[in-house]
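In what follows, structures are represented as structure tokens.
Two complexes, one shared chain (chain A), two partners (chain B, chain C).
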Partner chain A sequence: MNGWMGRIVRIDLGSGRQEDIPVDPETRRRFLGGRGLGVRLYADMCPATIPPFAPENALLFMTGPLTGTVMTSGRYQVVSRSPLTGTICDSSSGGSFGAALKGAGFDGLVITGRAERPVFLFVYDGTVEVRDASELWGLDTHATQTSIQEQTSAKASVACIGPAGENRVPFASILNDRDRAAGRGGMGALMGAKNLKAVAALGGKAVAIADADGYKTMSARLERAVDKNAVTGKSLQVLGTAVLVNVINAHGMFPTENFRRGVFNDAEGISGEKIAESLLLRQSACYKCPIGCGRTTRTRNRQGEGPEYETVWAFGANLGISDLEVIAEANYACNELGLDTITMGGTIGCAMELCEAGAWDARFRWGDADRLDGWVRDTAHVRGLGAELALGSKRLAEKYGQPELAMQVKGMELPAYDPRGAQGMALAYATSSRGGCHMRGYMIMPEILGHPVFLDRFSTGGKPEIVALFQDIAAVVDSSVLCRFLQFAVGVSTLGEMLRTVTGLDFSDAELMTVGRRITTLERLFNNRAGFTRADDTLPPRFFNEEFQNGSSRHRRVRLEEMLDAYYAVRGWDREGAPLPATLAELGL
Partner chain B sequence: MAGKIAVKFYALLRRRLGTSTVHVEADGLTVLELLRRVEKQAGRPFLDEFLDRERGLLAGTMILVNGENVRLKAKLETLVHAGDTMDLFSPVGGG
Partner chain C sequence: MIDLDRETLAQMIDHTELSAHSGEKKIANLCSEAHTFGFYAVCVNGGYTRFAAEKLQGSGVVVCSVVGFPLGAGTSTAKAFEAREAVQNGAAEIDMVINVGALRDRRLGVVRDDIGAVVESSRPALVKVILETCFLTDEEIVAGCELAVQAGAGFVKTSTGFGAFGAFPDHVRLMRRTVGPAFGVKASGGIRNFKDAWRLIQAGATRLGVSASVAILEGLSLYPFAPAAWLEEEIPCHVCPSRFASLDKQPKAVYAYYKKKCLACPHREQFNKFYE
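So, the complex of A and B:
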């Protein structure tokens, strides 16, 4: 078999039983791998109402047909029902773990049950060993990875949880290759609920390539395109993702103090430019990646990875904190403890506004840099005020009677783009299959950055069609599995060419877009069954009712209702957001 | 700075020019006229990062006047007045 390894194994941690899950060629073609095939298998296995922490819930680690082949193909996707949102969720991480898992002979692992004692999986040469992890329980992610490499192989790639995952914090992340994170949606908490501390993968098998000559030519062309592109060939390398701080701030949509303002006066001090001249030690890169957007940094006290754009915002502007070293060290702590930085920062921002509003009598104050590290650590250990923060912003704000102060969609905290500054991004947030996330449909590309074409950010015209298109492309990339940043340099046709040379299957642009639409529609079906309706495709009321008074996004509100019906129509869904029978028939769902 | 236009450089452009801001004494210039003036004042050429040979704006570049992209206005013919701010970004990305 070319592209895929042809094996997905199910491991039940309760019984210790293992069995291969057969996947027919047609299903592979229709869902590819990674997110798409993961969601297909998951939806076949688990009812949409399954409690995420139930032992019978499945947790999938998935690779795709391109994993372990072209540049940026070390990624993997983790799929399950999110304990944070209750939606279907897939969380993506870079590094090399995906390539190692595939090199061990597997397209994916399906993990069910709950181990009696803490365990880790060691995956190599077509074998999955369940090993004792009692001694590792309680360790942070770095110590865990080091210890497991000592017990298995120095070359093993380890995906693991820290204390936050063990304690089932619903936004616990999974860390691999030291500091790469499957951050969003709390997949780490699901590992904790299964008593699964880590999965270690040791590669070795090569992926069979269908058209070796074509693959070589295509790879060379891809390298040239990435090198020549101003974003992938220059900006991301030199300045990392935090270069966006000044861009988004200049557009008046850099969320400040829990999205109450769109301009952060100290933006320059936490920008990518500033990181490059102050904290940056060196750039870091994932498997076979010539871009290297990662930042290895150093503060006066410590050394670590990050902060990237989202994190520098979440712990910076969002909390009114402008001390870059404090922000970086909170990022290091999240990596070690296994916490999603966006939800962590979003929840602290919510706490600060709750306290300011008098709804909660606790000591959360804007700009309080001295307490940030303590809040993060207490959250991972679910102690003191951290036990409250560990609820996430939605449950926290509900508890204190002001649910509108949580900046979330479907329970997932919003990232670093105020939707009043980009109407398409607003629609993408509202309709994302895993809640308030920018990665399902990154409309900042056309609405702010001008890729692949420039769109008027304040217009709603044409946005439903383009949001659906971006969401579908994202689903294909996440199922292949590659890094989204390649989208700055190449389009869907190149992705089809990669898939053709690797798998031997011809994928036209139209077929790939249908694959994307099939995946996003399947996710929608799952969410509908989990109880989500049109009423959940919305944003916090702040974005409809409050306007900024300064900055270039001032006097703007989100006009979601102008777009939502048209979006459903483009998708082939009814007015309540349920896929129509004809749509399901067309997509073979 | 009421009689001047503040021109700010970001990302790689800032490195290339070695400065983050210049102030230009002018009022009512088009963006293109202002860019030429800035290039002269900065002492280093940089317009090749923004304009193609036909003097069209290169894809991915962002020129903001008071926070609004000139592509939404009159592009290079957009008028810039004393007291305005012009932000210049070479192509960037992130997420």
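So, the complex of A and C:
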């Protein structure tokens, strides 16, 4: 078989039983792998109302047909129902774990049940071993990875949780290859609930390529496309993702102090340029990645990875903190403890506003850099004020009677783009299948960066169509499985060419877009069954009622209602956001 | 409605790699892409003309070589020699840069003779005349176009891609109006995506000089999936050279000229209203 390894294995941690899950060629073609095939398998296996922490809930580690082949293909996707949002969720991570898992002979692992005591999985040469992890329980992610490599192989790639995952913090992340994170949606907490400390994968098997000559030519073309593109060939390489700080701030949509302002006066001091001047030790890159957006940095006290754009915002502008070292160290702590930095920062921002509003009598103050590290550590260990923060912003704000102060969609905290500055991004947030996420439909590309078409960011015209298009493309990339940054350099046709040379299957643009639409529609079906409706496709009231008074996004509000019906129509959903029977028939769902 | 197919668009593209630091590997990739996607030509620096011609032999893709690039301020003799050598090395088209300073000085005879010398020494190759519109007023652009026609060139071209800004629909329209329907107009510089390209084609460009050629074709492929986004009306200022005028990069008189045009623009009020 070309592209796929042809094996997905189910491991029940309760009974220790393992069985292969057969996937027919037609299903592979219709869902590819990664996110798409993961969601398909998950939806077949688990009811939409399954409690995320229930032993019978499934947790999938998925690779795709392109994993371990072309540039940026070391990634993997973790799929399950999110304990943070209750939606279907997949969380993606870079590094080389995906390539190692596939090289071990598997397209995916489906993990069910709950082990009696802590375990880790060692996956190699078509074998899955369940090993004791009692002594690893309580260790941070770095110590865990080192210890498991000592027990298995120095070449093993390890995806693991830290104390946050063990303590089932609903936004606990999974860390692999030291500091690469499957950050969003709390997939780490699901590992914790299963007593699963880690999965270690040792690759070795090569992925069979259908058209070796075509693959070589296409790889050379890909290299040139990445090099020629200003974002992938220059900005991300030199300044990392934090290159966006000054750009987004200049557009007046850099969320500041829990999205109350769109311009952070100290943005320059936390920018990618500043990181390069003050903290940067070296650029770091994932498996076969020529971009290398990662930053290995050093503060006066410590060394670590990051901060990336979202983190520099979450612990910086969002909290009114402009001390780059403090931000970097909070990032290091999140990596070690296994926490999603966006939700962590979003929740602290919510706490600060709750306290300022007098709804909560606690010591959260804007710009309080001294306490940041402590809040992060307490959250991971669910102690003191951290036990409150571990609720996430939605539950926290509800608890203190001001739900409108949580900047979230469907329970997931919003990232670093204020939707008042980009109407398409607002629609993408509201309709994202996993909640307040920028990766489901990254409208910053057309609305700010002008790719593949430059759109007026304040207009709602044409936005429903292009949001749906971007969401579908994202689903295809996540299912292939590649890094989203490649989207800056290549389009759907090149993606089809990659799939053709690797798998031997011809994918037209139209077929790939149908694959994307099928996946997003299946996710929608799942979420509808989980109880989500049109009423959940919305944003916090702040974005509809409050305007910035300065900056280049001043006097703007989100005009979601102008777009939502049209978006549903483009998608083939009814006015309540439920896929129509004709749509399901067309997509074979 | 965009009524353009992928093959027609590809045949309007000179797939371009002109950076100083590009080596044989990049030129080889450029040629491979041009062949794969059916672009009309590859556009390269003279040092790679023979290399590209050998790579593309029998492919149907022609080689375009630049001359007097990117400043255009050398002697006509040197340009003529460079052009002749490029043709001998396999170039079927020559993109030459005019003597921009002479045109701004109104030494029109010098400019005409400069173009004429290249046209003469390039035969039978087609000559495209790069005006470098970012350094010119509208009046000078018109004069440059007329001189190119008089000197026997086949195309006028907007930009080198190394100036203050690249191609704008306003300039392409003006050039098309000046040279008439039968003459070639090539837009180049800053064309990053399909919408940029489509805008310039609508303005009258018959050839595009781009390095993001594959991305542009892919943009056309995406159009059917979200046509409204691609057809959404543009804010006029986003595609106006006045907005991109730069005192750092342009002669101060040219900079002032563009800013003055901005002040008199009928779209100004609408634009201001649009953004408060």
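Everything that follows uses one rule, which is that the second predicted complex is superposed on the first by the 589 of 589 C-alpha atoms of A that agree within 3 Å, B and C clash if a C-alpha of one lies under 4 Å from a C-alpha of the other, contacts with A are read in each partner's own complex, and residues count from 1 in each chain.
Rule of thumb we're sticking to: a residue touches a chain if its C-beta (ideal position, glycine included) is under 8 Å from a C-beta of that chain, and two chains touch if they have at least 3 such contacts.
Just so we're clear, the structure is a prediction, and the values are computed from it rather than from any experiment.
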| item | value |
| --- | --- |
| Superposed partners chain B and chain C on chain A - clash or fit | clash |
| Partner chain(s) touched by A:V231 [first = chain B, second = chain C, both, neither] | first |
| Chain B versus chain C as contact partner of A:L244, first or second or both or neither | first |
| Which of chain B and chain C A:I466 touches, first, second, both or neither | second |
| Touched partner set for A:S134, first chain B, second chain C, both or neither | neither |
| Contacts of A:T533 with chain B and chain C, given as first, second, both or neither | neither |
| First, second, both or neither for A:N545, with chain B first and chain C second | neither |
| Which of chain B and chain C A:F454 touches, first, second, both or neither | both |
| Which of chain B and chain C A:R484 touches, first, second, both or neither | first |
| Where chain C runs into chain B (options 60-68, 204-212 or 240-248) | 240-248 |
| Common ground on chain A, meaning residues reached by chain C in one complex and by chain B in the other | 450-452, 454, 456 |
| Interface residues, chain A side, partner chain C - complex | 217, 220-221, 223-225, 227-229, 446, 450-456, 458-459, 461-466, 468-469, 472, 489-494, 509, 513, 554-555 |
| Contacting residues of chain B [partner chain A, same complex] | 10-12, 14-15, 59-62, 64, 66-69, 71-72, 87, 89-95 |
| Chain A to chain B touching residues, read off their complex | 230-232, 234-236, 238-244, 246-247, 250-252, 272-273, 293, 308-310, 438-439, 442, 444-445, 448-452, 454, 456, 484-485, 488, 551-553 |
| Residues of chain C that touch chain A when the two form their complex | 26, 29-30, 32-33, 36, 192-196, 211-212, 214-215, 217-219, 221-222, 225-235, 238, 274-276 |
